[in-house]
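Chains here go by letter, A, B, C and D, matching the order in which they are written, and residues are numbered from 1 within each.
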Amino acid sequence: MSDTTTRRVVEASNRQQGDHPSGDNRFELVDKHLKRARYEQDQLIETLHVAQDVFGYLSEDILIYVARALRLPPSMVYGVATFYHLFTFEPPGDHSCTVCTGTACFVKGADAIVQGVSDAYSVPTGETSADGSLTLKTARCLGSCGLAPVVVLDGSVLSHQNAESTLELVGTAVGGEG
Amino acid sequence: MAAPIDLHEVMEREREERFRTRWRVKACSSTACLSAGAGATIKAVEDLVEREDMALEVQVIPTGCMGLCSAGPLVRMMRRGGDESDYQKVTPEAAIEIVRSHVLDEQPVPEYELDVTMPFFTSQERVVLANGGVINPDRIESYVAHGGYQALEKALTTMKPKQVIEQIRLSRIRGRGGAGYPVASKWGLLASAPGKTKYVVANGDEGDPGAYMDRTIMEDDPHRVIEGIAIAAYATGASEAYIYVRAEYPRAIERLDRAIRVARRNRLLGRKILDTNFNLSVEVRIGAGAFVCGEETALLASIEGLRGTPRLRPPYPTEKGLWGAPTMINNVETLANIAPIIDRGGEWFASLGTEKSTGTKVFALAGDITNTGLIEVPMGTSLREIVADIGGGVPNGKEFKAAQTGGPSGGCIPAKFLDTSVDYDSLRELGSIMGSGGLIVMDEDVKMPDVAKYFMEFSMDESCGKCTPCRAGTVQMHSLLQRLTEGNGSKQDLRDLEHLCSVVRDTSLCGLGQAAPNPVISTLQYFRSEYEALIHEEEVVHA
Amino acid sequence: MRERQPAVNVSFDGVEYEGLLGESVLECARRNGVAIPSLCFLEGLTVWGGCRICVVEVAEGHRLRPACATQVAADMEIKIETPRLRAYRKSVLELLFAEGNHVCAVCVSNGNCELQDMAVHCGMDHVRYDYQSPAREVDASHPKYVFDPNRCILCTRCVRVCDEIEGAHVWDIRHRGQQAELITEMNKPWGESLSCTWCGKCVAVCPTGSLAYQGSAIGEMEHDPVMIKRLAVARNRGEWLDPKGVS
Amino acid sequence: MKQARIATAWLGGCSGCHMSFLDMDEWLFELADVADIVYSPIADIKEFPSDVDATLVEGAVANEDNLELARDIRAKSRLVLSFGDCAVSGNVTAMRNPLGDPLQILEAVYVDAPDRDGLIPNAAGIVPPLLPKVLPLHKIIRVDAFIPGCPPPADRIQAALEALLEGVLPPNRGEAIRWG
């Protein structure tokens, strides 16, 4: 078990004296889905979605847990999980900034926004800054093309953005933690 | 077992409800308007109604997309048995002002009024989006009140499966997902496929950047999709169905899930549907961020819980699909057309559009254009009408340069073809495709090699990696485009790029790979001089 | 003995041969001694159809078809050596060479490599495309075998043989597109794999020097992909030894 | 009859291709009868001459000197041939490419290694700076024909030269182009 997960499991069990054999009660939510899905192997992607919703990301332990529950080879589970871009294998940052790079946003300058945030926080696209404060992502198309360029900051949609306006809002969100 | 829904009784009840209050406030609550702040606007009106005790006078109805996304939030004031006024960019304050002005003073508020006589509204023909801005997508009753599930009832109780397919054949509808395959042929193949277990799959994995028709349909009219699936399943002998939705559309997933539950409760799905012998179970399956899963065989792999890599065809899914059983995949917009076809007959549908492309098509209009939003026009409408009239032209006094259709699998249509009829075959002749309906307008400032590079990067990132030409060819094409757009490309690079276009187009395994060169091919065809201007004089200049 | 399938006429590059309904164009060509180059196909495993080296022209359609996954039909006119197909095969091969780190001179399979032979067959005297020079780490953690991802062409023969014949499913592919890469179990070193049976079939079927025996020096690694065909024949037909006495 | 003017050059490579060239043994005498070797690492000629009929280039383009010489060769040769796998593909010389920035590689070799004095060799005009990436010859200059092989066996070199002397390009089919 990785260090992070061990710590998480310990924390969780301290918190609520977990009943789940793993010591982490969050696995119960995964179990609940698995039961509802009757442990069907074709429910792998759905199960991974549930696990990611619950844990925030897919650690190796979670993948092994799912592989065991669905009786699938570990390499297959790993192969499926890494095929799909929405699954993430590192804990996300405190804040998330998703820049839409769909065609309408591209035509209206989304690249500059991505570059701006990436440079300002030294965070490559798809990764989390070294201090864990910000995860920068791009989205293929958020379907809000009328509002292009669009940025989603911690879940709220920002319309008609440019690099400056986005950086200001990101700055407020990240700095506001202090 | 509970009794099935009585459609006519619900309709009656809803009619009464409609006349209960003097005013109905319809507020667009689709994603674009919500992004523009529609949530706060709706809340402000609801608070106002409660605060000023207007509940007997006013009912607030959140609806699906009204179309003109760039002017959101959109609100419509409807007087009982009378006129309507539409409003744009309605902030919470504006909403309060508008509602009060109408209800208390019987006066419209010209400041926010939306001119519904402009071509954006008058030139459209809404079949698929007919319920947009009309019904409350969360209430099955609202759907039924506007004729919902009548087509299913008609099919189940008065038509044989063959007769249903016959109507589809008469309608001459072609698949709305991109390739334009005749829908009736697909249905016929599934109907005649042997075996007890057959599947219908609704493809809601709309991945083209700049396209959001399917999302809007699923979010705003989920029952329409379900009704289409049920009719398709009845006609083809399928008893299980899946709706595959991309995970990026959580609202669509939620609404479809709820709609399925409600439909089941009302005996519109499940066992003995509407007391007939027809059974159908429908389940939503969620993607996880892979464009290639829009390709039908990759989509099937994904439903089976596998890596979304395409499979070799033949065998086609109608022979061997999900878990080896005959399976038919229809696009969400295709399925949304089914109920109207059964309702009004295939011939009516065929009277819309052109000879070979019947019906209407929904487009997501975006980019350098005044009116961005969702539009629905008869097939065969000219590109000029869409861009100049409905779209209101290119803003800021700029010139129209090109329209991009079909996303990463499509091409760019230059100004000289503005009078082209927008239908499957004309677009294909111009080197583009209808695709799912994204239509991005580009003005004179847009550099076409950059556009080609943008789409190549998309295809490169979204390649599943199974076949060599798509996996490695898109990488090489992208790097050649990179070099060219940076001004470091040579004549040899341009030759290599063109050769790779043919290699990848002709040897890739699936449609994604085969179509990946299209943006390059079409921009080279119409804007070659832009590429040539970028070329470095020397023959080889890498260092 | 298997029942004989109905025979039909087919032609390869204008020369007529006998085809059997139910067999693929590639099988038919091989049975008749006609060369169609291929890489990912391996007799005894399911068809993958990914390498696209074996694409041929089938007269009735303008679209190219992979010979490995196209069924023979009556009066099928198959073209293999047209200028267009030669050019395409060469390009696809160049794409493979450009995406990995294929350095024949220091490869265990130098001289015994299907990819290298294919370059000779297709006339690939240089690679026009940019070498991607990916940074990939060699996995030498297994006591018996080495996996060098630099030489992998993602033919998935190893994935298929491990799943379909050995039943262990140690191998799979992670990521996608240009990041696609072979993995063992949860992307752990091969040597830590609990499911690997050390059977060596993956090594036997590898067309390049990507999978090799520990300790092989340059040019020493010889694969045995035909092993799988022998095994399939033994299992399916109960023929452990070739009745004709040829290996 | 006018002697053909043939050159061979050595860029970033191990000189193995030239060893193989010497393996042509007595045929070298026949070659000398019909051609002049006007430039070669095995002949003491400092400047690359003009008006060369064909130049066989061994080695990849790895540093500034290679780059300069390659361009000079192209300007002064009617035909340029990539001679051996390094010139054709980068081969062993290009195995540093996956490791990234050449400076880091030099540091690992000369600074971090325990038995070194901690200095990266540096002498302006003598030690040529490395290029960011090692490239095959045809990515730098136009190349007319390719002779893969590490090294190409002597008989293939002979066949190539015989073809050139007859005024045609070397064979590029079958075993004549086997790599490695």
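Operating definition for what follows: a residue touches a chain if its C-beta (ideal position, glycine included) is under 8 Å from a C-beta of that chain, and two chains touch if they have at least 3 such contacts.
Keep in mind the model is a prediction, meaning the values are calculated, not measured.
Q: Taking the touch definition from the top, what connected groups remain once chain B is excluded?
A: Components, chain B removed in thought: just one piece.
Q: Measuring centre to centre, with centres taken as mean CA positions, what chain is farthest from chain D?
A: Farthest by centroid: B.
Q: Any idea whether C-D or A-C has more C-beta pairs in contact?
A: By number of C-beta pairs in contact, C-D is the larger.
Q: With chain centres taken as the means of their Cα atoms, state the distance from chain C to chain D in Å.
A: Their C-alpha centroids are separated by 34 Å.
Q: Taking each chain's centre as the mean of its CA atoms, how far is chain B from chain D in angstrom?
A: 58
Q: In angstrom, rounded to a whole number, how far apart do the mean CA points of chain A and chain C lie?
A: 37
Q: How many angstrom lie between the CA centroids of chain A and chain D, rounded to a whole number?
A: Chain A and chain D have C-alpha centres separated by 51 Å.
Q: Could you say which residues in chain D touch two or more other chains, in rising order?
A: 138-139
Q: Please list all residues of chain C that touch 2 or more other chains.
A: In chain C, residues 128, 130, 173, 175-176 touch at least two other chains, as defined above.
Q: Find every residue in chain A that makes contact with two or more other chains and list them.
A: Chain A, residues with two or more chain partners: 76, 79, 83.
Q: Would you pull the chain C residues touching chain B in the complex into a rising list?
A: Touching chain B: residues 47-53, 55, 63-64, 66, 69, 71, 84, 87-88, 91-92, 95-96, 98-99, 128-130, 132, 153-154, 173, 175-180 of chain C.
Q: Which chain D residues qualify as touching chain C in the complex?
A: Listed in rising order, the residues are 82, 85, 88-92, 94-95, 97-100, 133, 136, 138-139, 143, 145-146, 148, 150, 172-175, 177-180.
Q: Can you list the chain B residues touching chain A in their complex?
A: Of all residues in chain B, those touching chain A are 31-32, 34-36, 69-70, 72, 207-212, 215-216, 247-249, 285-291, 302-309, 364, 366-368, 372-373, 404, 407, 438, 440, 442, 446, 454, 458, 464.
Q: Inside the complex, what are the residues of chain B that reach chain C?
A: Touching chain C: residues 290, 292, 307, 309, 312, 314, 460-469, 471-476, 479, 496, 499-500, 502-503, 506-509 of chain B.
Q: Touching chain C in the complex: which residues of chain A?
A: Contact set of chain A toward chain C: 60, 63-64, 73-79, 82-83.
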